[in-house]
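Chains: A, B, C and D, in written order; residue numbering restarts at 1 for each.
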Amino acid sequence: MIVTRVAQELKPGSVVNLGIGLPTLVTKYLPEGITLQSENGMLNMGPPAPNGEADPYICDAGGKKVTILPGGCFFDSATSFGIIRGGHVDATVLGALEVDQNRNLASWMIPGKMVPGMGGAMDLVVGAKRVIIAMEHCAKDGSPKILKQCTLPLTAANQVDLIVTEKAVIEATEQGLILREIQPGSSLEDILQSTEADLIIPEELRG
Amino acid sequence: MPKITDAATAIKQIKNGDTVMIGGFMAVGTPENLVDTLIEQGTGDLTVICNDTGFIGIGIGKLIVDHRITELMASHIGTNPETGRQMNAGEIKVTLMPQGTLAERIRAGGYGLGGVLTPTGFGTVVEEGKKTIEIEGVPYLLELPIKADYALLHAKVGDKAGNLMYHGTMYNFNPVMAMAANTVIAEVDEILEDSFLPPDSIHTPGIVVDYLVKKAW
Amino acid sequence: MPKITDAATAIKQIKNGDTVMIGGFMAVGTPENLVDTLIEQGTGDLTVICNDTGFIGIGIGKLIVDHRITELMASHIGTNPETGRQMNAGEIKVTLMPQGTLAERIRAGGYGLGGVLTPTGFGTVVEEGKKTIEIEGVPYLLELPIKADYALLHAKVGDKAGNLMYHGTMYNFNPVMAMAANTVIAEVDEILEDSFLPPDSIHTPGIVVDYLVKKAW
Amino acid sequence: MIVTRVAQELKPGSVVNLGIGLPTLVTKYLPEGITLQSENGMLNMGPPAPNGEADPYICDAGGKKVTILPGGCFFDSATSFGIIRGGHVDATVLGALEVDQNRNLASWMIPGKMVPGMGGAMDLVVGAKRVIIAMEHCAKDGSPKILKQCTLPLTAANQVDLIVTEKAVIEATEQGLILREIQPGSSLEDILQSTEADLIIPEELRG
């Protein structure tokens, strides 16, 4: 549900970078005419290579052997992040540990526990024209992930544009988080209970 | 003109304590023969600059597992759990930075720039100890150049003038590293002995390549 | 996907007063058809960013002679005496800067950097009005990014995805300009209608190219 | 004489950028194994194209149609000046309007008279490992060009390494200008009369 809803946000003709994990699953539901960018140096990334036919020198940002589609190209990391930082990527879809009502994102480390490094995420969040967060609404222990203020080290400040979870679609604006859609199977009450951040609820979504 | 030689000869000039850039992203574009040779020759106490530490047993991961690296600058270490373990145990000093920043810092080193201003990392721990400069109301971090004693690269084809051509995503950090090290050693799948790469299709100009090693395993 | 169209259609969106980057070094890599069309359509009061003003009657020189440029940023104007005459007569505002600095400033614009530190120009008139930053005892000038409304490029081959390949020294400023303008119009000698350029040999990725115009004269 | 003497300074295996004018003439006397860089985007630049066979898309830094030698390559301006500024060019040979005893160079403009622009000269002088000035010892009106202090706007400060004229070969050091050779046909007296700068004269060159 998260994945299909995110796919609807991606406009034909746009250049999109999908993060590792949940966002990668969006690939299957992409509309026609999306160009996928992979930060390790590829435009028009294609699906994983069929077994035994993989080119050992073409991988995606997760290290998985993939293909390149016709019209694609390869380039080095400085160019790749020039494309990203320079605003030539229309949207990035990323997972998150925490998001807050100031459009902050924390996604890259849990001090003392998990420090994989930020990889390309910090550049992507700052550079992409639109930052879409695709994540479960709550952490595995049930605690809220959409907070008044992030507690974990940030990936970037004030950059999140949209949050899509299995419960809600939330627009992140300078005025605050605006609830845009209640996902099928959820309810306003459910969302309010599982969200720490203040939500702006438009008239049409109030009971 | 680069010297065309074997991995052992090219690598033995690297001494304990040297600073070495190694190309590759998730081991694609990492010169495996050169890394294996570093391990064979027992070279250690290295400062390594690279995007990521590959996987256990693959790419730069081999140097980590064998404790050859005492200091590491990288953007991602998540695919090699041993790097995180050594970092948490205080066995290795790790500086993590955004991938685009790493690329620009290495490029600045090789291109004679004193630094670049990037918006990436502002408002995060990345800004610690760095100068912030505002340009037209937008804050940027001043990121400084990185250079190295050696760069170990992997390319698809090299010609006898040292010109390199990459293929696929092996491109990644190799071209910027080629410019930023005192001595550049490139492992290539193929060496053109009697011809040259087409001048419009060269990714790294031969003048910066000191040694060409044909990939042998 | 870029729109494949003719020069008149692509150029007519450029209005008086726009800022336009134009590729080329001594007219090699300058899109002559696009420049001619600007002149035909009467577009003027332009701010032009380019390496040099070509020659009288060739390349960007044509726009100078026809008084279409009111502001110019370039590294060299010596091969077109009319540019110097207009500058001395106060008919055109000219900002001269080192060629490498011009390249880095345009690149910074297109790559989302807030600026770069270069040693070039320190101790000369180029440092006027600029911030000097010392890094490890060496003084550098902080040079700011440059962007434009339009970039007019010339490449050898374009494919229907907009990917471009240059040839020879026509490469020059075209690739950095392709990244630094809101709208990119590329004149190409050849358009591949039914095939694509090889993915390892592309100099400008198609996603930044908005219009492809086949060179017609 | 200037040109042949400069050519002796260029070591086989080195990468050299020759400026427009007098320095270009050095091309004819280059030792084997020199790689010429042209700042408009070429390594291994070759001689001018034979009449009628010129590739219209290959020119040198003066706009003249030239060729590329086997093993050469083309690249964009940002890369070209990365090669120059990054210290990957071993030597550059440039003309000059004025040079002074603080290793300063003025070569790009005469205010109110000639303002062609600095082109790539400022980057070359700062970036090349060795800066060799090839020029006539005096201006056309006979006035000295090797001065105590440059009067024209500088191309770069403190970067000149060697000055070769038809009268003398002078090494520019932090200690000052050291006369290294008296050219055939000239004399110490001639040099001292036509040079404004203080010259350090080694014992072996004194009368």
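Some observations on this one:
Note that in this section contacts are C-beta pairs under 8 Å (C-beta built on N, C-alpha and C of every residue); 3 or more make two chains touch, one makes a residue touch a chain.
Predicted model only: the values in this text are computed from it and were never measured.
Looking at chain B and chain C, the chains in contact with each of them are A, D. Here the spacing of chain B and chain D, counted between their Cα centres, is 35 Å.
Chain A and chain D have Cα centroids separated by 54 Å. Between chain A and chain B, the centres computed from C-alpha atoms are 28 Å apart.
Counting partner chains per residue, chain A shows two or more touched chains at residues 68, 74-75, 81-82, 84-85, 126-127. Residue numbers of chain C whose C-beta contacts span two or more other chains: 104, 107, 112-113, 118-119, 166-168, 199-200.
Under the contact rule defined at the top, the touching pairs of chains are A-B, A-C, B-C, B-D, C-D.
Contacts from chain C toward chain A in the complex involve residues 1, 107, 109-113, 159-161, 163, 179-180, 196-197, 199-200, 202, 205-208. Residues 38-42, 55-59, 62-63, 68, 74-78, 80-82, 84-85, 104, 112, 114-123, 126-127, 153-158 of chain A are the ones that touch chain B when the two sit in their complex. For chain D in complex with chain B, the residues that touch the partner chain are 13, 15, 33, 35, 37, 42-44, 68, 70-75, 79, 81-88, 126-127.
Against chain B, the residues of chain C that register as touching in their complex are 104, 108, 112-119, 133, 135, 138, 140, 142, 144-145, 165-168, 199-201. Those residues of chain C lying in contact with chain D across their complex are 25-29, 51-52, 55, 74-79, 84, 87-88, 96-104, 107, 118-126, 156, 166-176, 203.
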